[in-house]
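In the two complexes below, subunit A is the common chain; its partner is subunit B in one and subunit C in the other.
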Partner chain A sequence: MDSKGLKGSRGIIAVIALMIIFVGVSTSLLQLNGNVARGISPEYNELAPYEAPNNLASWVYDYRGFDTLIETGVIYVGALVSVLAIGRGIVRVKGVEGDAPVAPSSMEFNVSTLNVILKYFGVPVIILLVAYALLVLTGAATSGGGGFQCGVIFSSAYLLGMIFYGRKNPLNLSKKFLIAIGGVGWSIYALLGLPGYLTTGYWQYNVGADLWTSGVIPGVDGMAAVVPDILRQLFGDPFRLLLVMSDGTYASTAGIVPLINIGEAFNVIGAICLIFLVFVYGWNDEEEKSR
Partner chain B sequence: MIELQLFPALAGEVTTIVIALVLGILFGTRFQGGMSKRMVGMVFGLSIIAAILFEAPIFTWSLIAGFINEDFSISLAFIAATVGIFIGMLFRGGHE
Partner chain C sequence: MNESISNLWSIPLFIIIPILTAIALNIMYNRKKAISVTAVASSFALVVISALSPFGFHWFTGHPAVLPTGGYTYRADLLGWRLSLEYYYGPLQQIAIFLASLLLLFVVMISIKSLKKNIGPYISLLFLTFMSSAIVIMVNDFYHMWIGVEIGSLIVAGVVLASGEAVSQKAALKYTFFSALSGAGLAIALALILGVTGYSNISDAIKAMPLSNGSLASILYVAFGFTVLSWVYAGGLAPIHPLKADVYGASFPHATVLLQAQSKLMLVAIGLLLLRVFGTLPFAKEVMLSISVLTMMLGVVMAMLQTDFRWTLAYLIVSHSGLVTLGISLGTVQGIIGGLFQAINDVVYMSVLLLACEGVYYFGRGTSIKSVSGIAKRAPWLAIAAILGAFAASGVPPFNGFQSEIILIQASLNYGMPELAIVVLMVSVTTFIALFKGIYNIFLRPDDALNNNEKTGTPVPKILYACLAALIFITVLFGVYPQLAINFLTEAALKVVYIPWVP
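So, the complex of A and B:
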């Protein structure tokens, strides 16, 4: 780093900022005095056998809930900025109306220039990557993975098709499809909160697992049973698994967590693929109509 | 030790396979271009190899879910996703 840049007012601001951080952190550490709050993790670790065996899924989609959904919104901000910056053909900014839209440069790849392996294995690899993304999605509640990872893997398949085949991408995702799938994903995620809200008053309460009223947890009386059996069966039974663990066997269900993962996957696919599309192909309505 | 069983298969073992198939069909409709039968066979063969490598999800105990024994199992969700993509391609007309 060039120290010249820290001379003058910038250097003074940097020193003051560092001093504030140092004082804040050191006083916080002194005040701890051994009283470290243990947090909620022990409770969730105990609940895991009664809900999603993948503890992380319980954390991200049950405990955090809408925090995760809004986190996906950050990617959409990136997509929007990409459209604004690169796809000025559709999003007209005041003051530059007189300028011609940015014309994306041609991206016609000649497949004959690819070597044999890339030419013939490109499509199979893309298909297998999409299948792998779906595998990761379906295994979200039991093993590592989830909606976000599915979206990223799927997007990498889309990007691979772009790099190999240019505009003749075998995975043809139009802007309308990506926006629609993103919208459907947000809707699935948000509306899955409704059954819990209508029955318990808590938005996104996991009516399928229903940990607090079903009496599955020994020693936890919880609330009075308010979730109707029909809702418990509708959202819980399709995902019921037999957990054989060292301390016993549990009939566990992740409830709405796998469904939320599908919504999250659609979100991420829509957002990241839209960014790739705008960066590589540009945003040109006329061209899409002519396809 | 869990014994090999065909039934009863808990719903959670089957639902994931159905979801993978349906989503495979959905995204399969987005594929364009033709694929020869040889290419389809190759992809299907590769998907079976991958399914063996990925194994059945943890806490699945029935043959329907791909569990054969604790040392060998197949990820039927992966194969279902691949088959779903092929079915989706057929809807789109992406075959020769």
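So, the complex of A and C:
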């Protein structure tokens, strides 16, 4: 819709609607000021020392970990649909001549005019960005960061490489590789729910941290299952930390949370890099087949 | 009525199987044999699981509920604040997911048979459409409902885009742009309810709702407004009905079967949420009823004006969404049962009509009444299926549409609003006229080109006839024995009216 479409009665309706929304939201936020209910959050805070030192990591990838699995899916589906719009996976009915598919052309992208300083400056920056992405990923459970942030930083390094050096950039990742790594990432995340499901019946139960069958927290009624020691050690011990806090010392482990972050990072790298690559160079089935 | 089990085995499978299948199919891309085996096996597994599963809850990540007296419990029937994300699989969810998985199986088989090469990503999106439907109908959590709506909108855009035509691209782009508002609306509503109650679990939020606090109660009105906005966009209700109709019309008809099922389940899920959380607010039901009536009337009027059978069906789907929401908006047990039954029936008979339309598409001359005619001579069974589907959609006995529409009429009369009953009747009559205008021109009107033995298109696959037969059987079954379906819907209606905090 161009700006002309918003003139006249449509424009007036749009302005009135926006004003109503603005007034409604802002008065609600003002009324909430100082009245925000704490609800369930104190419970999460109480449990925090037994899991990831970064409380946010426990919330996002443990307590609400299944939410985040589907949110991760939004990124995966976003890439799938974006690339479909460019031409990967357009389907036709056998024997029916419909309208010809719209074939978006690739961007006119030329790296030959880049100056020498930028060209030499690019490689160390890309190396630094990738290193930073790995740092953010490995520190997911203990500090701000995680798989998503790692994926975004890595993707920015990839985009920088494409802008500076074109298709044959230092991170020379093919479309097939990116599609595969995105899928593998989301699969890793999804399948990390399996150990908990098989041992306790609860999908994505954190068998590494194992707050509820190991007796760490007393007063639990109803969980009959016991996580085998081998699973607890396999998923928990590599990430164990000694937390010295004002009310005591806790031997906490984030359990499967760091592994989920690795899956998330793969998914985001695959999805976002694929979008960059296909938006810049387009998609051609014949060309892909010959590669 | 209130199950205690909190780790029901089947619930995660309804989400994880489609995810893993979708990933595998996307990677397989053009390996048709592998895609066929994987897709049919997965969709068949979903049908079997939905049919065999008992009822219960699943608390994802396995954190217990916090008891008001202190301590923790894994019993879902005890009063407690949920630490985990909660899904519920009850009778309503069973019939809805069973039907959605059956449609997925049909649509997958038809796609494999009728589409040529590179079908991996497309069928992958069909599985994800099922996944988003399953999420919204099972989840008992504001935050996750939002994610279900958000990912659902994106998937719809992908399914529409898959045909690659300009009209599909335009419809998908417009829908994606505006449907972002749906997710955003639900997100703002979620933020306000979280601020007021501190809980994202719907049951817990209802229990903690500060209805007696006047100043905070006004925030609930704003949250209600945004949730209604989300309902309107996710379900394609008036005034944004043309966007959703474009999406239905621009997709392959077999894909629209799944898209309309997803849309109906979203209407049901968000509609029940509105009643559970905001049903006691003055004017809430009146707002919902007004939107429903407007949708029904605008939908049928637009359907009458169409000359392409796909677009006629698209607007009728929108119009009949209004019938679903009308029943839910009444807020009575009878009204809700009527609305839910209408949703189930609507999905079935619209699937019959859409698959008949798919059959017409295979003749290679489009689906416009101006360009195609005389199909009954070449495909008499297709014509019979379309006529039976039209009878069901128009509320003619002994088909299923009659049974749900009669409940809606009775519910409207018992609610003291006979004018709503008149609107339902008017929708039935105009549906009949709109459908038979298309059916006469496409199937029954003599065709010169056909008489000259002009051969175009491709033979209608046998699997399409098999799917049509199965769906027509269901329309007759629910028409003759409605109690079979109603038994699955009564519990949900009773809970919403009398114990809204129980999912």
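Quick notes on this structure:
The definition used in the following text is that the second predicted complex is superposed on the first by the 205 of 291 C-alpha atoms of A that agree within 3 Å, B and C clash if a C-alpha of one lies under 4 Å from a C-alpha of the other, contacts with A are read in each partner's own complex, and residues count from 1 in each chain.
Everything below uses one rule, namely that a contact is a pair of C-beta atoms (placed from the backbone, for glycine too) under 8 Å apart; a residue touches a chain by one contact, two chains touch by 3 or more.
Keep in mind it's a predicted model, so treat the numbers as computed, not measured.
Of the two partner chains placed by the overlay, only subunit C lies in contact with A:24; subunit B stays clear of it. When the two structures are aligned on the shared chain, A:196 is found in touch with subunit C, with no touch to subunit B.
Contact with subunit B, but none with subunit C, is seen for A:132 once the two complexes are overlaid on the shared chain.
Once chain A of one complex is fitted onto chain A of the other, the partner contacts of A:180 are limited to subunit C, with no touch recorded for subunit B.
Looking at the shared chain after the overlay, A:163 reaches neither subunit B nor subunit C. In the superposed pair of complexes, A:71 makes contact with subunit C only, with no contact to subunit B. When the two structures are aligned on the shared chain, A:16 is found in touch with neither subunit B nor subunit C. Judged by the number of subunit A residues each one touches, C leads among subunit B and subunit C. Of the two partner chains placed by the overlay, only subunit C lies in contact with A:81; subunit B stays clear of it. Residue contacts after overlaying the shared chain place A:234 against neither subunit B nor subunit C. Every residue of subunit A that touches subunit C in the complex is listed here, in rising order: 24-25, 27-28, 31-32, 35-41, 43-44, 47, 62-67, 69-71, 73-74, 76-78, 80-81, 83-85, 87-102, 179-180, 183, 186-187, 190-191, 193, 196-197, 200-206, 211-212, 217, 219-223, 285. Across the interface of their complex, subunit A is touched by residues 2, 10-13, 15-17, 19-20, 23-24, 27, 30-33, 35, 39, 42-43, 46-47, 50, 54, 57-61, 75, 77-78, 81-82, 84-85 of subunit B.
In the complex of the two chains, the subunit C residues touching subunit A come out as 6-7, 9, 11-12, 15-16, 19-20, 23-24, 26-27, 29, 58-64, 66-67, 70-75, 81-85, 111, 114-122, 124-125, 128, 135, 141, 143-144, 147-148, 150-151, 154-155, 157-158, 161-167, 169, 172, 188, 192, 194-201, 204, 208, 210, 215-216, 218-219, 222-223, 225, 252, 361-362, 364, 457-458. Chain contact summary for the complex, subunit A toward subunit B: residues 53, 123-124, 127-128, 130-132, 134-135, 137-139, 142-143, 154, 168-173, 177, 237-244, 251-254, 258, 262.
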